[in-house]
Amino acid sequence: MNKGSKLAMGIAAISLLLVGCGKATSSTSSKGSSEALSGKVTAVGSTALQPLAAKAGSNFTAKNSKVNLTVQGGGSGTGLSQVQAGAVSIGDSDIFAEEKAGIKADKLTDHKVAVVGMAPVVNKDAGIKNLKMAQVKQIFTGKITNWKEVGGKDQKIVIINRAQGSGTRATFENAVLKGATAVKSQEQDSNGAVQKIVSTTPGAISYLAFSYFTNKLQAVSIDNVTPTDNNVQTNKWKIWSYEHMYTKGKPTGATAAFLKFMNSKDVQNSLVKDMGYISIHDMKVTKDAKGVVTQN
Amino acid sequence: MLKQYSFEKTAVQTFDDKTSLAIKTEDLQVFYGQNHAMFDANLAFPKNQITALIGASGSGKSTYLRSLNRMNDGIATVTGKIWYHGVNINEPGVNIYEIRRHIGMVFQRPNPFAKSIRENIVYALRANGLKKKAELEERVEQSLKGAALWDEVKDNLDKSALSLSGGQQQRLCIARSIAMAPDVLLLDEPCSALDPISTVKVEETLLELQKKYSIIIVTHNMQQASRISSQCAFFHLGHVMEYVPTGTMFSNPQIPVTQDYIAGSFG
Amino acid sequence: MNAKRTDLLATILIDLIVASVVGILFFLLAYILTAGLPHVSWSFLTGATDAFSGAGGIGVQLFNSFYLLVLTMLISVPISLGAGIYLAEYAKDNWRTSLIRSAIEVLSSLPSVVVGLFGFLLFVVKFKIGFSVISGAIALTFFNLPLLTRNIEESLSAVSRSQREAGLSLGLSKWKTEIGIILPVALPGIVTGIVLSAGRVFGEAAALIYTAGQSAPVTNFADWNPMDAASPLNPLRPAETLAVHIWKVNTEGLASNAAALSAAASAVLIIAVLLFNLGARLLGTYLYRRVTASK
Amino acid sequence: MEQTNFQLKKQDAQSDEWEAQLHHATKATREDWIGRGISYFCIGIIILVVASMLWFITSKGIATFTQNHVSLWKFLSGTNWAPDQGQTGALPMILGSFAVTFAAAIVATPFAVGTAIFMTEISPNKGRKFLQPVIELLVGIPSVVYGFIGLAVIVPFMRHLVGGSGFGIISATFVLFVMVLPTITSMTVDSLRAVPRFYKEASLALGATRWQTVSRVILRSATSGILTAIIFGMARAFGEALAVQMVIGNAAIMPKNLISPASTLTSQLTTGIGDTIDGTLPNNALWSLALILLLMSLVFNALVRIIAKRGQLKHER
């Protein structure tokens, strides 16, 4: 009966684990902050924000060893729906919750933790360094199909778009296409893949966050504005977005402490910049969910 | 051309002294699905004797034998009664595992477990709750002696049973059965896969064993039946045709079908 | 054209085909190993991954892969053993059994991405467990069950009927016969199957992306209490495996040496799978000898 | 039939004891109950998993049609896939999946059958010792590694050969070809081995050459087995996700040719599912793609059964 009892034990162990799981995730901290913080914080969502959140998270837990903080990817959509469902404490997103159908934004509290600038990138062989905003739009809507039409080499344009629903794409389309529909083309779901493909495919164009620029590809200026952090801070460069951390209602306990930590000088002035983001403190403008920009 | 024999004309002996019987069947019928394999077998087997079941292939003798300890469960449908110590063991409520402990069986092909010689014998004993080491060792020795195998293997009890010769394996299977202390031993053509020397050894073993056990053996070897059995039953196409003392069967068969079979002019 | 010449041509053609198939395998192995092995070092095998660029070592991923494998096997082997015994011993030949068999077939033919998404739906969305080792292990179990069950059933059924009769005729129960007599004889085949399936599980990625997750938080390898959040044994932490890591480095990786990194990780993965294959053979032969010959 | 009607019942004093002993439940009967319980429980788990998988994916997958009121026909025949804008034409992905699947099967079959013939008819010895491990190793290589090699070798190669980005159906075909080759080969080997020896001997005895024997006798009688092998290979190709996703380029447009980016059901699924919100149309539409995958695997399953049945009938005749 050896085998049988082993089996039974295995099954019992699994069901225990399952029960344990259910409990563990649903409990978020509610402890006050004056004493040693403890509790469980789970941040899920945007793969773009994941590295920053993970790094900040490990710095945070280094100081607050009782806090159990996990950061997971899964995509902005997963993050928003999970936080809305109350399954996680923080939902990481590249876009405003208002922009995502199926999310009740008024139930969520937005915490902007960084700013990301994005720019069109082209393969170096195309011979393009600057484009007009209208030209970028025409390229991505399929009106312009050869680089010579915009002053480059006689080469077919290969558009590499981002996956539908991705935050990067939403930002880019809001800023550039302004409601027009992009031509159907190859779609990649990650910055890394785009970076690789644009740098190796002749005639390729796509768009990337600033931190993904390499010397193997050409970042394009628009209307002679160069894609730099300074230009983003003043909104001279129009294609940028926030990285959001959403909580359901007001954050408490360890979650609140972590969000506060994210917004602290420590993180904003070192970590955020080290990782190629723009500090939220440096922004001279504010953008709302509808894309309206106001001077601070 | 197969001759047609009447199934009406049979010669089946009965026994008056009921206490001397080990097992007895009444109207035993076996069906494989739609196929009617055994018709109304009424046989009684005396204690401490060897009874041989003979007949051509497909005559139903093995089917009949396997029904006696319910080995046909789940394979065939068996109806009728099997009396054993005053209990009809062909009933749903009967504990078939108990029955098989009391009515042991040895098969046509030697089928020792892929374990050591000792383990072959003690495995089932241990499963039945016999845990004392000394007692198990005692049983191993007794049963191997009973099966006339002890002298050949006593120094190698931890060797794999599969390393034994065919004849030794078959005697190991017999030893394994008698280690359970059954009172009836069923043997289904136990020598058909063995060479003549091994066969003789097994036969000698059986002759010795009948002092303690009631033995029913299926064989297609008529010399074997005449050498070792006291009673002999002849099966034909699922019918028991003749059941008489072995001497009678071979010197003076009662009905034509048996006469032809014994004379070898059958079919 | 006469028959002799056609015969010769056909033979040559087939030889060419075989040569190219062998060539493909050697190219694959040679490519992965030459591209990857130079980058494999002790620090690569044990080091931590840089969360941002994906650069750095694969220590955590390697551990995750093994941990997930062990958990998966702990769950799936007993279940498929029971199910295999059911099919080999208890199942009658009727419509219900054939329904069960087709259910198992369906499960085995489901694309692993569908299995993974089901796991995502069930554990991450419905049960709210989140991306975790346990979600991944159960998803892998779904994916592993049909193959193991079939392997176990086949191995059990391949054991001679006479062994079963021997056990039953001694008054052993069916279960005892199956566990004590048949299983040891079938063990070499079963173990081979388990080790081979371990290789498959080890290399599986699609079923894990949305169940075990794509992040490998650095864990505290000094803490072996499964209940602690930082413990590597905690079944609730997200666990990127080696195979998922390769996929991620290739699609998402930012490290300047992404190609070298994924080549190195692929080389490690391939070597692990090769070892599983080899292990399956050796272990199978060894057990077979052990079970059949003298001890 | 002479037979006195007597019973052994109550003959000896111990009869009652026997009665009790033979009806008494023992350890063995209890074991049997427990064993039966365990094995039924295990098979029950598997049935439960399959049933719930079918149920969940189906109920998620049909939400596109029942909750978002997309017409099934439009879903299957529409060519515009932009679920964010309410456009859910899944035809490009369906075609993409079928295109790579068939292309891979067409390329792989001659190689697989050739290798199988070599292993069974030409050099069984080398086949067993050398090719068998080769095939097993090919099976063992994880799909992400195939994807990695596709990305690192095949895509650049195609880019140089035919231009464009190198991503596309043809690259996916190449990757899948290598992935399904071992599946088809090993199953073909099994079916060739199952051809009775005397078929071959009879043919050779009649003076046929080896190739005539192989092509007219052996391949013919193994047809249904080979077909089954091909379908298993296709099922694998159809469901493969990551390797394909890494090399096909993921463009949800109608595949125009073999060298432009396309997408498959699986590649859209892995790309998109994380960016969508549970319960919304973009999410439901992706689950509908998963449902198509599920249904196709059922179809492949059914095809295998039909072929097996046909094959059996043929042999019985």
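Each chain carries a letter (A, B, C and D) given by its place in the written order, and its residues are counted from 1.
Keep in mind that, in the parts below, a residue touches a chain if its C-beta (ideal position, glycine included) is under 8 Å from a C-beta of that chain, and two chains touch if they have at least 3 such contacts.
Just so it is clear, the structure is predicted and the values come from calculations on it, not from any experiment.
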{"item": "Shared interface partners, meaning chains that touch chain C and chain D", "value": "A, B"}
{"item": "Greatest separation from chain D - chain, by CA centre", "value": "B"}
{"item": "Chain closest to the middle [Cα centroid of all protein chains]", "value": "C"}
{"item": "Chain centre separation in whole Å, for chain B relative to chain A (CA means)", "value": "80"}
{"item": "Inter-centroid spacing, chain C versus chain A (mean Cα positions, whole Å)", "value": "34"}
{"item": "Chain A and chain D: spacing of chain centres that average the CA atoms, whole Å", "value": "37"}
{"item": "Whole-Å gap separating chain B and chain C, where each centre is the average of the chain's CA atoms", "value": "48"}
{"item": "Numbers and ranges of chain D residues touching at least 2 other chains", "value": "27-29, 31-32, 34-35, 38, 42, 273-274, 278"}
{"item": "For chain B, residues that touch 2 or more chains besides their own", "value": "97-99, 127-128"}
{"item": "Chain A: positions in contact with at least two other chains", "value": "4, 7, 47, 73-74, 78, 81, 85, 188-189"}
{"item": "Chain pairs in mutual contact under the definition given at the outset", "value": "A-C, A-D, B-C, B-D, C-D"}
{"item": "Footprint of chain B on chain C - complex, ascending", "value": "160, 162-163, 165-173, 176, 180-181, 184-185, 291-295"}
{"item": "Residue ranges of chain B touching chain D (in the complex, touch as defined)", "value": "8, 10-12, 14, 18-19, 21, 24, 40, 42, 83-87, 89, 93-95, 97-99, 127-129"}
{"item": "Touching residues on chain C, where the partner in the complex is chain D", "value": "3-4, 6-7, 10-11, 13-15, 17-18, 20-22, 24-25, 28-29, 31-32, 35, 78-83, 85-87, 89-90, 100, 102-107, 109-115, 117-118, 120-122, 125, 142, 145-146, 149, 171-176, 178-179, 196, 199-200, 202-206, 209-210, 243-244, 246-247, 250-251, 259, 262-263, 266, 269-270, 273-274, 276-277"}
{"item": "Parts of chain D lying in touch with chain C, wherever the complex brings them together", "value": "27-29, 31-32, 34-36, 38-43, 45-47, 49-54, 56-57, 60, 110-111, 114-115, 117-118, 122, 130-131, 133-134, 136-138, 140-145, 147-149, 151-153, 178, 181, 185, 208-212, 214-215, 235, 238-242, 246, 266, 269-270, 273-274, 278, 287, 290, 293-294, 297-298, 300-301, 305"}
{"item": "Complex contact set, residues of chain A against chain D", "value": "1, 4, 7-8, 47, 73-78, 80-81, 85, 100-103, 158, 160, 163-167, 181, 184-189, 197, 200-201, 204"}
